[in-house]
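Next come two complexes, and both contain chain A; in the first it sits with chain B, in the second with chain C.
Right after this comes the complex of A and B.
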């Protein structure tokens, strides 16, 4: 049964990826500029080369053939070249991706760490002053434009107080060779005498962007956990458990949390898409060398192959994460199983 | 004065009145509604209200501080920016760009979403299944990424961002409408109508839609806050509204250089975005609570 379900999900995933690549393929035609340049990323193509390339890409054949060739190139890692650097878009993106994943990962961790307990507390103390305080804070954070919030924090903590740096991932004093691309991991793996100082410096750099990025997901978590918890606390089995003589804490732990946190696990996957979006803005403000800043720069430079590749990679990642959390959710939650 | 009642009689208020009865006692939500109405009035009437021309550069009065500071002028209540333009006029005009256009985007997107959602919700089979899966795909792609793609195709500019945001909002509306319709189709009164011989069109227009409009309004409010934030974010990134336009996000990006000298030029537009989104969210939350309460009673 479970295999059947997984098989269906896999089929859906394949279908979604086909749709996504068709979309990316059509972008080559939709973007301004000539099609050959958009698909290869080459500039100033000589007429002789043009003939060869046209044949290679199958541009004189019908769209289906072109798409199949495009798919073949994608699978072989021969993505288009970036207009600005004339390097393979995929290799470029794989270099900047870890920075974004690191930032988003810590932000997600922060939001879970803060959001879920606060949401539970707010639900348990419903309509008391603590709930009101938490809900108000959540609403304020929910409405905060992220770029303005980032600027406010920079104004206070970097410009006025001078506690935290405003940009980059690590001070220029420290030299850490990028092995994995994840800064903290790299520092821990590295073998230098100033490891501790570098680690401290990296965390100082990370603090502001991570807090800014975590603000919105945290508020969403608080609101979602609170709603979910309130729904569960309203159920009859909670009343039964109380009537049986369990203490509030016992009821909360054995009956409340388990049922209320299940939908929250699903929310984690949904948050990933929001996180990536917000990470783009955060990265631009804090000069964080991640995929978001790379994409925004590509727009300024009208670097169409880069945009095409970026959309494909980021969307695939988001869809993959979504699908994985959904499968996990289904496996954990007997109620969500329809198979 | 209470009406004199001679005999027991059940009074059923209309759904709208009931909703208002539950909405109005929520002070914060009510306050948010008032704020929204003020912003709406500002967005519509702003050409007649601005004290100065928002685009007029006055080289004599660069970076004039707000009037509550000693060096400020009363005729420029919120000071001027780095080109000597009156900040208050620009902020007022920004209401019609950031907030007004967001409303237009949401309304337009909602209408299209209603049509598509109704088509998909009322149909069954392979076609609807494929459509649903495509929609799920579109839902997972981050809206800003979608907007970036659309801007890359159409070129930067405020109008193009509006198209982008409309398109980015569309999947969630279609999804929401479809779910609302699916929920309605399960109701007994819909079955009763069907047994009475109503065809699908009659079912949709006279039974299902009147029962889903609240959910539509709620979806619209939620989307409105996203739309305001997205317009401002794209303006801030320089992909949306371009430099001289008095759009709040673009204004923040413009005054970033003078953040040290004139922090109010950055703080005030951001504050307005924050207040607008907060008001929208307050109303949205209030509506949701009111709807829930009404259903419980």
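Right after this comes the complex of A and C.
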């Protein structure tokens, strides 16, 4: 049964990917400029090369053939070259991707760490002043434009107090060679005399962007946990447990939490796409060298192959993560299994 | 995700325990961070003219045969410990310094000290088309504008440590050319190594020089990392590292200064100067700089081909007003192309005054009593010599309206702007010039000679035989007084003909943290950290 379910999910996934690649393929025609340049990323192609490339890309054949060749190139890692650097777009993205994942990972972690307990507290103290305070804060955080919040934090913590740096991932004087692309890991793996200071410096750099990026998902977590908890607390089995004489804490822990957190795990996956979108803005403000900043720079530079590749990679990632959390959610939650 | 989750937990604990400590600074790494506005185009000064690139590379990586003393403006020995000019002014001999070491890097290990071969290799690259590295670059802009190939006949090694430059005609600005940041000396041995490996492009990408710092790492749009050159022939810097941090946004650069992520940064926006000069932990260095901001008329286009019209336009603009509004009083009014610090400058008897009434009369004499309409092109970028060309254009527009001339302001994206300027599509343009060396020739020739009207830096498209003759006579003589007389005539003639209106000579501002010492700003461009220290 489970296999059947997984198979259906994977089938859906494959279908979504096909739609996505068709879209990316059509961008090559929809972007301004010549099609050959958009697909290869080469500029000033000589007539002789133009012949060879046209043949290679199958541009003289019908669209279906062209699309299949395009798909083949994608699978072999032969993505187009970036207009600005003349390097493979995929290679470039894999270099900047870890920075974004790192930032998004810490932000997500922060939002779980803060959001879930606050949500539970708010639910337990429903309609008391603590609940009202938490809910108000969550609403404020939810409605705040992220760029404004980021600039506010920079003004207070960097410019006025001088505690935290304004941009980058690490003080430029520390020379850490990028092995994995994840800064903290790279520092721990590196062999330099100033490892401790570098680690501390990297954390200082990460603090503001992570807090800014975590703000929105935290508020979502608070509201979601609170609602889900209230639902659960209203159930008959909770009342029964209370009637049997269990303490509030025991009920909350053994019967409430487990059931209330199930929908929250699903929410984590759904938040990922929002997180990536917000990460782009955060990266631009804090000069964080991740995929978001890279994509936005590409848009400024009218770097079509880069935009095409970026859209494809980022949306694939988002879809993949969504699908994975849904599968996990189904496996953990018997009620959601509608095999 | 799991290991990184554990890691972040570790980090949180670390932050919680350390969190409220004041800034611990960069203990364990000593170095200086210089924040600049853009990435360099190349790592070889021979190939570029942009100030951004020169600031980021030339004084750090390379040395020149001779330097200019920033205070006195005199030549001082650098890689050449002495030199001799023949009486006819056609031959220059340089005796090189002994035991000058090239950089020892991961990609090149020198086996010998600097000798004559290196100097010949360096300058022949620009001169000789058959030089193996000549074709790797499409142009040598500074040397092309100096007509280097017409000027220099031959460069040869006389002995192991002696080099001779033979010229086709005397040129008294030749030593100045050799002292500019563009005349950096490269390693012939490195060139040979690259030739053997068939990796010619690396000469300009992975630099090897004799300068106070050696190249370590470059990430486009992020940073350049230099380390100290231990065996530098001058008593070197005590900085372990020099990092050039690339921060294009000027607001972000100021923010990074305030948080001490940058130690030194140039500031093009004078409005920010006040904010910084109030703080005790910063020092604002003011340096007179050899530059001029001007308004050039396209003298090939009617009605601007008429001298009287040009004179009228020059009389109509209120320069004092511009100095206040655009330069915030941090510039001197220009009454010649040459700044007052130049030895060939003389204050004119009548500084061209602001006189709209006379301007109207002149226009009427020229047959434009009812005025005419004119485009003013304003450059879209901030430069030292003109921090806000659009604002300047608006002020000029208002001034011109008073004499009945209707002005339209035009601007394009910077690369398009320059391309269209070269095609001479403009009526008039607000732009400027920063000198590369102290010689007056470096202002007058690139901006107003016939040769530069062809090569494109003469934005007035002004080609005047008399003026060109004066410039030529001036470089043909070595006698300073005679030269000065020619230049005075040339400036006077230019003021009469008015192909362009000089507007201001701006000062150069550099902000540094007060714990940084020994930063030298060169009035002719580059910045030097060889003597810099951090306390």
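Here, the second predicted complex is superposed on the first by the 339 of 339 C-alpha atoms of A that agree within 3 Å, B and C clash if a C-alpha of one lies under 4 Å from a C-alpha of the other, contacts with A are read in each partner's own complex, and residues count from 1 in each chain.
Going forward, a contact is a pair of C-beta atoms (placed from the backbone, for glycine too) under 8 Å apart; a residue touches a chain by one contact, two chains touch by 3 or more.
Here the structure is a predicted model, which is why all the values come from computation and not from measurement.
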First, second, both or neither for A:143, with chain B first and chain C second: first
Which superposed partner A:171 touches (first chain B, second chain C, both, neither): second
First, second, both or neither for A:159, with chain B first and chain C second: both
Which superposed partner A:311 touches (first chain B, second chain C, both, neither): first
Chain B versus chain C as contact partner of A:249, first or second or both or neither: neither
Partner chain in contact with A:199 - chain B first, chain C second, else both or neither: second
Partner chain(s) touched by A:189 [first = chain B, second = chain C, both, neither]: neither
Chain B versus chain C as contact partner of A:102, first or second or both or neither: second
Contact residues common to both interfaces of chain A (with chain B and with chain C): 159
In the complex with chain B, residue positions of chain A that touch it: 12, 15-16, 19-20, 27, 30-32, 139-140, 142-148, 151-152, 155, 159, 273-274, 276-277, 280-281, 284, 295-296, 299-300, 302, 304, 307, 311, 314-315, 318-319, 322
Interface residues, chain C side, partner chain A - complex: 1, 3-5, 7-8, 11, 14-15, 18, 22-24, 26-29, 31, 33, 216-217, 220, 222-223, 225, 241, 243, 245, 247, 252, 255-256, 258-261
For the chain A and chain C complex, residues of the former touching the latter: 85, 102, 105-106, 109, 154, 158-159, 162-168, 171-175, 182, 184-185, 188, 193-194, 197, 199-201, 203, 206-207, 287, 289
Chain A partner contacts - residues on chain B that touch it in the complex: 133-134, 136-137, 140-145, 148-149, 151-153, 155-156, 225, 229, 232-233, 236-239, 249, 252, 256, 259-260, 263, 266-267, 270-271, 273-274, 277-278, 280-282, 285
